[in-house]
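Look at the two complexes coming up: chain A is in both, with chain B in one and chain C in the other.
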Partner chain A sequence: MIRSLPLVLLFACNMAVARGTYQEPADFIAETFDSAPPSPGIIWLRGDTRDTTTAILGHKYPSLRVRYWGDPQRSAWILEEIGKDQPITVGLVVSGGRLERIKVLVFRESRGWEVRHPFFTDQFRETGLTGDLDLDRDIDGISGATLSVRALKKLSRLALYLHTRIPEGDDTP
Partner chain B sequence: MKHNVLSLSLAGLLLASTPLQAAEPGGSAPTVEELWKIIQQQQAEIEALKRQQQSTEQKVADVDEKAEAAVEAVEEGGTATASAGSWADRTTIGGYGEMHYNNIDSKEEIDFHRFVLYFGHEFTDRIRMVAEVELEHAVAGGDNDGEVELEQGYVEFDLNERHSAKAGVYLLPVGILNQTHEPPTFYGVERNPVEKNIIPTTWWAGGAEMVGEIAPGWSYNFGVHEGLEITSGNYAVRGGRQKSSEANADHLATTGRLRWTGIPGVEIAGSLQYQSDITQGNDSSADDAWLFETHTDIQRGPYGLRALYARWDLNGNGPEAVGADEQSGFYIEPSYKLTDTIGIFARYNQWDNQAGNGSDTRQRQYDVGVNYWPHPDVVLKADIQSQDNDGDQKNDNGFNLGVGFQF
Partner chain C sequence: MTRHKQKSRARLLRSLYMWHRWLGLAAAAFVIVLSLSGLLLNHTGELALDSRHVHSRSLLDWYGIRVPGEMRSFPVGADIVTQVGDRIYWNTTQVPQLSARLIGAVNLEDFAAVAIEGELLLFSRSGNLIERLGGAAGVPAGMQAVGVSPGGTLAVHAAHGYYQTDDMFLEWSETGTLDAEWAQAETPPPELRAALEQAWRGAGLSLERVLLDIHSGRILGSWGIYLVDAAAILFLLLAASGIWLWSRRRAGIREHRKRRAANSR
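Take a look at the complex of A and B:
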């Protein structure tokens, strides 16, 4: 009986709070634009844009369009990519063609949650794209979180690429 | 604005048509009543055109709304989570496999070493199932070498944002390879002999475990599970794995791990396990046992370094008599990625499953090799191994080739 006590204790914990939502996407956008976010614009994933998006992710983006907030100088994005089983929701800000900020907003995977911490995401600051649409600096991974790390790298490349697709003079319709 | 243009156009036509009629040869100018009638008719036409235009605009708006709804429906389908998706959306299938060609002193063979199918299913956002079924050595049953094994099969419950609990068959949190061993994730065709013979990898057990994060970069595991049941006379720990197959649970084991990943590319971890009887009471000359393991796994830019030390202490006269009261080993493995797709490594391994005796039972193995990843999930491997074993133990030298994948 005593040997079974730890098993009983493990299941005695109360299930309380759903895990994984660290910041609501709307709050991330509001924070990015000092509580005065512009109206969202839309990038339709057609033609070359769709093909390049597919090449970056290794599969089709699960949407026909991507919303953004901002303009060709500075833009904010809410993007999703599956790590192993579940989509990771990430907020990204691109400024002058480089990542200004990346933050994991919702993490639903059962492993690899370390990617949400600033000690990992800070590596992405000031990262841009090479001509081959790769990140122009090394991002060190986290042991045991390979697929989550890979998902964030892909979304960083995608945000940097989509930023270049914002029409000039289009100040968030 | 469109309405105004239309009205002006019609008024212009009206004004233009009136002088024409008046100018017709032999015609007479229309009376005021006739003009009033014409104006009323044209006004009616204007109203009809307005209604038609409004109807058209409404239809366009309706089409826009339907198109928006269709796009949103497609987008929702692509980002479904456990609480919103269909059964298929909430179910994941994956796996990995590897085939080896070994040309070493002890054997020259081709072996599809393992093929593993992974299944995951989210019952809710907080409750999920994970299972892995493994086929080893391609053919199982009868006199064949292969086995079909349930390597994982557990239900996991998220208790809150930072802690979860699982119950079922799971991989024990010991070493580098025991939990993460998909072929593209490690160097060398075969898994290293230290983790294989000392930990012993791959090691799974039935029980329950808490997993969570106690501070940024700090995570823990703590579980109670079936223990080893060592029956062989040399007390080698690898032979004691019960694999949750009607496992003797008379003496459970407890395993804990503390892990730090506070710097990107750096992992440092330590595990401790205690079991009150390593033979499940079958051998009165054997008693309790402790396992201590620690390792680091570093990958900074192109530079990599793995190092691991593990040691068992088995109490009792039986293990002590054959020197198995201490079983220990370590390895160190530097690596370097020449490009994103090619990496080279070297490894020094040393282990001894009878380190407690005075005999020469220590084994050493040197490995050098290369990994080539044509895709992040596909790897081709080649390595050379050279042993320098103590005493009269035979060395097992040669080379290995392998191909592996994960999906």
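Take a look at the complex of A and C:
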């Protein structure tokens, strides 16, 4: 028992470190726009937009409107989706209809935190949407983190879709 | 075997039969309760026992589930936002995925704004969550109070001063002082209080917990565990006495057949 104590402590510490805020959403937005973020814009989830959002997530988005920073060329999003029990807060940047960057900002679940590592999130770079609103390339999963992987895939599709809903010529909404 | 020995053995057998019968009757109640609770627990997933909650007042009282501390309410138009424990309720509906201290709530022209630690929640008139705003959306750090500015927009008293936002909550501006109508916490009306108490307590006890406790006897406290232990011993005694009686009866029949065969020869 005493011999296995360091291992148990190591595991407990790992779990404690895994949960938490990796980057404040405000810092993610500031970093994306070189410390000069543009004024935010709003996409209302109504009508077709709401139906498509629901189809992508498999459930209604928890709020009626979503905020973005940027323009129809390049936009940043802070989105949330539940992995197993708790919401995962993710920062996403879409540029020219393709994902430029995805980062797990706040992770509250007790399992599946491996999705925060760049070896996983880097796979999403330059990913776009197919006509069926699926990602146009395969993303390798992580065993033991299936639900978190699924949540990140859904949020990637959602950000790519919502980017297409930004009104043209509305650079500073 | 002498006649006396045969008689005492028959008496022992008869008394054992009697005991077996009474033990069986006593065990019947336990068998029914344990079988039913076990059957239901075996299908916890299909029956969603972990997400169904018990609303019986007497059962909640028995478990000692009580609302912690005082309730703080903020009226927003015809609705009321209340903090109960660490949960926040829009009238009697719990706001999901929210566990934080309620700072205040105000009614604005288009929205109701609810301030919790580090975040601002915008609700529609029908109580639907419109948006959840954090630091990235410009919500000032260390909010202490919220109110309505003379211009009808949201006013925030935060750790570093006073702030105002526009009617769409897109831009924030800092001001020196602000003569706003600040939200004041109130005690909820008695009928809402009773409904919230029931809602809070009702969410605290799942049907699975109750069934597990019935199955293990823990529903009756520490004595309940001993009671179920006693039932388990009772079942063992029943099984042992049943097997013994069955074997004696079988031996008796065999002996009787043998004797009859010998007589007929």
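Methods note: the second predicted complex is superposed on the first by the 154 of 173 C-alpha atoms of A that agree within 3 Å, B and C clash if a C-alpha of one lies under 4 Å from a C-alpha of the other, contacts with A are read in each partner's own complex, and residues count from 1 in each chain.
Definition applied: a residue touches a chain if its C-beta (ideal position, glycine included) is under 8 Å from a C-beta of that chain, and two chains touch if they have at least 3 such contacts.
What you see is a predicted model; the values in this text were computed from it and never measured.
Peer 1: If you stack the two complexes on chain A, which partner ends up touching A:P87: first (chain B), second (chain C), both, or neither?
Peer 2: Touch status of A:P87: both partners.
Peer 1: Does chain B (first) or chain C (second) touch A:F119, or do both, or does neither?
Peer 2: Touch partner of A:F119: chain B, not chain C.
Peer 1: Once the structures are superposed on A, label A:R150 by its partner contacts, choosing first (chain B), second (chain C), both or neither.
Peer 2: So A:R150 only meets chain B here.
Peer 1: For A:S110, using the defined touch cut-off, is the partner it touches chain B, chain C, both, or neither? Pick first, second, both or neither.
Peer 2: A:S110 contacts chain B only, not chain C.
Peer 1: On the A-aligned overlay, A:D140 touches which partner chain: chain B = first, chain C = second, or both, or neither?
Peer 2: first
Peer 1: In the superposed arrangement, which partner chain does A:P40 touch: chain B (first), chain C (second), both, or neither?
Peer 2: In the superposed model, A:P40 contacts chain C only, not chain B.
Peer 1: Go through the superposed model and pick first if A:L64 touches only chain B, second if only chain C, both, or neither.
Peer 2: Both chain B and chain C are touched by A:L64.
Peer 1: When the two structures are overlaid on chain A, which partner does A:E24 contact: first (chain B), second (chain C), both, or neither?
Peer 2: A:E24 contacts chain C only, not chain B.
Peer 1: Looking only at chain A, is it chain B or chain C that touches more of its residues?
Peer 2: Larger number of chain A residues touched: B.
Peer 1: Would you tell me the residues on chain A in contact with chain B in one complex that are also in contact with chain C in the other?
Peer 2: In chain A, positions 62-65, 86-87 sit in both the chain B and chain C interfaces.
Peer 1: For the complex, which residues does chain B have touching chain A?
Peer 2: So the residues of chain B touching chain A come out as 71, 74-75, 77-79, 81-82, 92, 94, 120, 122, 125-126, 128, 130, 156-165, 167, 176, 179-180, 185, 207-210, 213, 216-217, 219, 224, 252, 254, 261-267, 297, 299-302, 376.
Peer 1: What part of chain C is in contact with chain A in the complex they form?
Peer 2: These residues of chain C touch chain A: 96-97, 124, 128-137, 168, 170-171.
Peer 1: Under the touch definition given earlier, write down the residues of chain A that touch chain C in their complex.
Peer 2: 24-26, 28-29, 39-42, 62-67, 78, 82, 86-87, 173
Peer 1: For chain A, which residues are in contact with chain B within the complex?
Peer 2: Its residues touching chain B are 3, 6-7, 10-11, 13-20, 61-65, 80, 84-87, 108, 110, 113-114, 117, 119-120, 123, 138-146, 150.
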